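In what follows, subunit A forms one complex with subunit B and a second complex with subunit C.
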Partner chain A sequence: MNTVVLPDEVKPVMQNGVPAIVATCSADGIPNATLISQVYYVDRTHIALSFQFFNKTIRNVRENPQACVALNDLQSNTKWILDVQYDHSETEGPIFDEMDMQIEAIASATGMSGIFKLRAADIYRVESCRKLGATTASSGSS
Partner chain B sequence: MIPGKILAFLEDKGTVGVSGTRDRNLVPHIHYVSGWSVEPDRRAIRCSIAEPYTDHLMSSLDDNGQFSLTIEQIGSHETYQFKGDYIGSASLTDSDLAAHERSRERFAKVVNQVFGFPEDICRAYILRPSVVVRFTVREIFLQTPGPGAGQRLFPPEEKQ
Partner chain C sequence: MATQSLESLAEKLAQKTAEVEVLRHIASSINSTLDLDQIYRLVLGTMDEFFGFRHSIILLLEDTDTLRIVASHGYEDQPLGGTVIVGTGVIGTVAKRRRLMRVHNLGRQRAYFSTIRTQMEEAGRTSELSEVGPVPGLADPESQIAIPLMIKDKLIGVFSVESREPRSFSDDQETLVSIVANQAAAAIQNALLYRAAEERRSELAEAHEGLRQLSETLEHRVHARTRELEEANRELRETQAQLVQSSKMASLGMLAAGIAHEINTPIGAIHSNADVERRAIRVIRDVLEASALAKNLRDDPRLTRAFRIFDDMNRVTLEATERVIEVIQSLKSFARLDAPDLELADLHEGLDNTLTLINHLTKDRIKVVKDYGELPKVQCYASQINQAFANLLTNAVQAIKETGTINIATRQDGAYAVIKIADSGAGIKPEHLDRIFDPRFTTKGLRVGLGLGLSITYRIIENHHGSINVQSEPGRGTIFTIRLPISRSA
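This part shows the complex of A and B:
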């Protein structure tokens, strides 16, 4: 089981308000890529994604826990690629409450009030982390 | 065949594209998309990808051929996901570069309006592509956030 420590510089990218991307794969091998409004920093080895609708991403990670997350930093023209493993879901507690509050704020700011509704905080363990610039790439520490 | 409304969306409205593949171990991979266009038969899409985002791309496609493409109009959140089968790769043509330029301009304008980033920064974020992936569209799903998200639009779902 690989786990990497997220570099400090990735945390503000998760909080910049720019949508991220998550890719998953069903048990029968069909990939799925979607844009998501929020990636939540849990600790140096875990992130959380919001479970709002019972969509393909949610179904896929319960069949096959492997996922890939891409974070966007327009200001520095870099992207972060995280390989992650779904670990568990939380439907109450401080992580859930914090995500719920942030989603309400995002919904309000993007005209999606009443549509975004947190059902669970899905917690993922980070297995690898790469920073991609226009011409360079580097890896997170193991 | 890609329905006319979705064809128009791809040609005139979509502002950001991402694609997904998976390798032989069912590990998914993300590939940012620099541009897209629908082939004349309206069954296949050409999807251009820049070199930094090609890790695992060709090895995954050669292994299993599964490809997904998601296009969103930033601001309205109108989003469609196209799932299909890899046909082959191709060198960039002038037409591919023109499609890249059009989608990059739409991206720069809308991200400037919605997020306030200067347009030149937004343009630089969509890299010049280096390869074209061609795939036939097997299914199209609505992914606009809301209760209809996940509905299959093509081929249409059978009514219960």
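This part shows the complex of A and C:
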């Protein structure tokens, strides 16, 4: 089980790269890609994705914990690809609160308070992280 | 490499030192004033000047659901007084959660949410959506830090900075905003408390002033009411005195009428007999003149003396009885028991009757000069007017200690009859002139008068819609002038 340390330069991309694209695959091998409203930097080896709707993405990672996240860096017009593995879900605590608050702020400003409701913060372990076209920051493994 | 690192560290240290200095300056400045507007200007202006926060806004919690914009900086059209609902947008959510929020890439996030909204609207799920109200601040922000202004656990407002740059705010800047917001919260709270205390003090001062004015007004009212009551009491006493006097006059009138009636018959008999006696003596004298037999009797000096004595006595008897008849007639006329209502009265007759009744007071020492003009009959209560004349003439008589003159003049002045009664008596002291019509005021001493005469006279003339005034000079006499409307419609 590989784990990489996220480079410092990817952290602001998470803050600014929303919406990101997340790709998952069901247990029987059917892929799915969708936009996701929030990718949250948890620590140097973990990220969190928002779980708002019980959709294909959620169903897939519950069957097959592997996922791939594509982040858009608007400043440099580049992409970051993260291979991640679902670890656990949090329905309370500082990570959940932070993500919930951001969703609530934007949703309430666009008249969709009742639509976007964070069910859980799904915590993923980062297995690889690379800038599109070049693999970077594989500074550790286990 | 090590040198570069040291240089970098030195640079960071210098920057931090400068930031600390600015923060100390902000803290010192905003804590040195209790003027809210000055605090807002200091906070927002300094944040722009030293840290480059170009767009900032302060909102205060108005009630549990609403924040109101009290200060803004760097906006062209950010009206003060605008509101944010707690729980709506970044600022409203920060107020609701009472936690700092730093967001980036707001434009894309909004665009993403708006896309979802459009899809829902196209799918007919509009009932799940709510209206989007105006959001204060920039129309197109990309980055925003909003921080709750807290005093202990109590939210008092929100401080927000924003930018059009997608990655505008760093962790360090977040820390700076947080520190300034905490200091600003304390300063704003102090200023709010001071303002509330000032408003309370002002309200108390206003309330105090209101109470003082009310007290003053009440005092004036009490004084005014006291004066009204005193006036009412005075009028009551005057009316009472007048009633007593009227009652006495009525009793006196009835008594006089009874006496007059009783005296009238015998005095008529005496007067008639005296006249018969006078004519009988004349017959006896004529018979003696014509008779030759009685020549000796006619020349007898004793008889001549007896006739003279008899003539003198008869004349005196006739004059005395005529005087008694005149007095009785005046007495009846003065009291006017037969005419208690409003009537057309001859004022000259009233004056003459009054003079007749006080003749015993004037004869031998006071000369009464009458200067009567042409006067029509006056519509009045004659008995009351006679009473007024009697009071004035009695006063005039009493004012003349030994000998003197009373002048009575009448004339018509348009719709008024004017009666002037002047005496050459002692006069009235100037300091007493204003009070002579007051009830109970007298200069005659308690045993002489009750002090009601002039007061009653004043009231009688006033009741007739007339006027009475007095002119007096000590040692030279007094003039009372009455003006009575000839008709009550005058």
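The definition used in the following text is that the second predicted complex is superposed on the first by the 126 of 142 C-alpha atoms of A that agree within 3 Å, B and C clash if a C-alpha of one lies under 4 Å from a C-alpha of the other, contacts with A are read in each partner's own complex, and residues count from 1 in each chain.
The rule is short, and it goes like this: a residue touches a chain if its C-beta (ideal position, glycine included) is under 8 Å from a C-beta of that chain, and two chains touch if they have at least 3 such contacts.
The structure displayed is predicted, hence computed values, not measured ones.
Asker: Could you say whether A:P12 touches subunit B, subunit C, both of them, or neither, answering first, second, both or neither?
Answerer: Once the two structures are laid over each other on A, A:P12 reaches subunit C alone.
Asker: Give one of first, second, both or neither to describe whether A:N77 is in contact with subunit B, with subunit C, with both, or with none.
Answerer: first
Asker: A:L35 contacts which: subunit B (first), subunit C (second), both, neither?
Answerer: After superposition on chain A, A:L35 lies in contact with both partners, subunit B and subunit C.
Asker: Taking the superposition as given, does A:C25 touch the first partner, subunit B, the second, subunit C, both, or neither?
Answerer: After superposition on chain A, A:C25 lies in contact with subunit B alone.
Asker: Using the superposition on chain A described above, determine whether A:D97 touches subunit B (first), subunit C (second), both, or neither.
Answerer: A:D97: touches subunit C, not subunit B.
Asker: Now for A:I106: first (subunit B), second (subunit C), both, or neither, which partner does it touch?
Answerer: Second partner only.
Asker: Could you say whether A:F116 touches subunit B, subunit C, both of them, or neither, answering first, second, both or neither?
Answerer: A:F116: touches subunit B and subunit C.
Asker: Residues of subunit A touched: more by subunit B or subunit C?
Answerer: B
Asker: Where does A:V126 make contact in the superposed view: on subunit B (first), on subunit C (second), on both, or on neither?
Answerer: In the superposed model, A:V126 contacts neither subunit B nor subunit C.
Asker: Jot down the residues of subunit A that show up as touching in both complexes, subunit B in one and subunit C in the other.
Answerer: Subunit A residues touching both partners: 17-18, 35, 74-75, 110, 112, 115-116.
Asker: Considering only the defined contacts, which subunit C positions touch subunit A in the complex?
Answerer: Its residues touching subunit A are 87-90, 92-94, 97, 99, 101, 103-106, 108-110, 112-114, 116-117, 120, 128-132, 135, 166-167.
Asker: Help me check something: in the complex, which residues belonging to subunit B touch subunit A?
Answerer: Touch list, subunit B to subunit A: 16, 18-22, 25-30, 32, 52-53, 64, 66-70, 72, 77, 79, 81, 83, 111, 115, 117, 121-122, 124-125, 127, 141, 143, 145-147, 149-150.
Asker: Which subunit A residues qualify as touching subunit B in the complex?
Answerer: The touching residues are 17-18, 21, 23-25, 27, 29-35, 52-53, 55-56, 64, 66-70, 72, 74-75, 77, 79, 81, 83, 110, 112, 115-116, 132-135, 137.
Asker: Considering only the defined contacts, which subunit A positions touch subunit C in the complex?
Answerer: 12, 15-19, 35, 37, 74-75, 97, 101-102, 104-116
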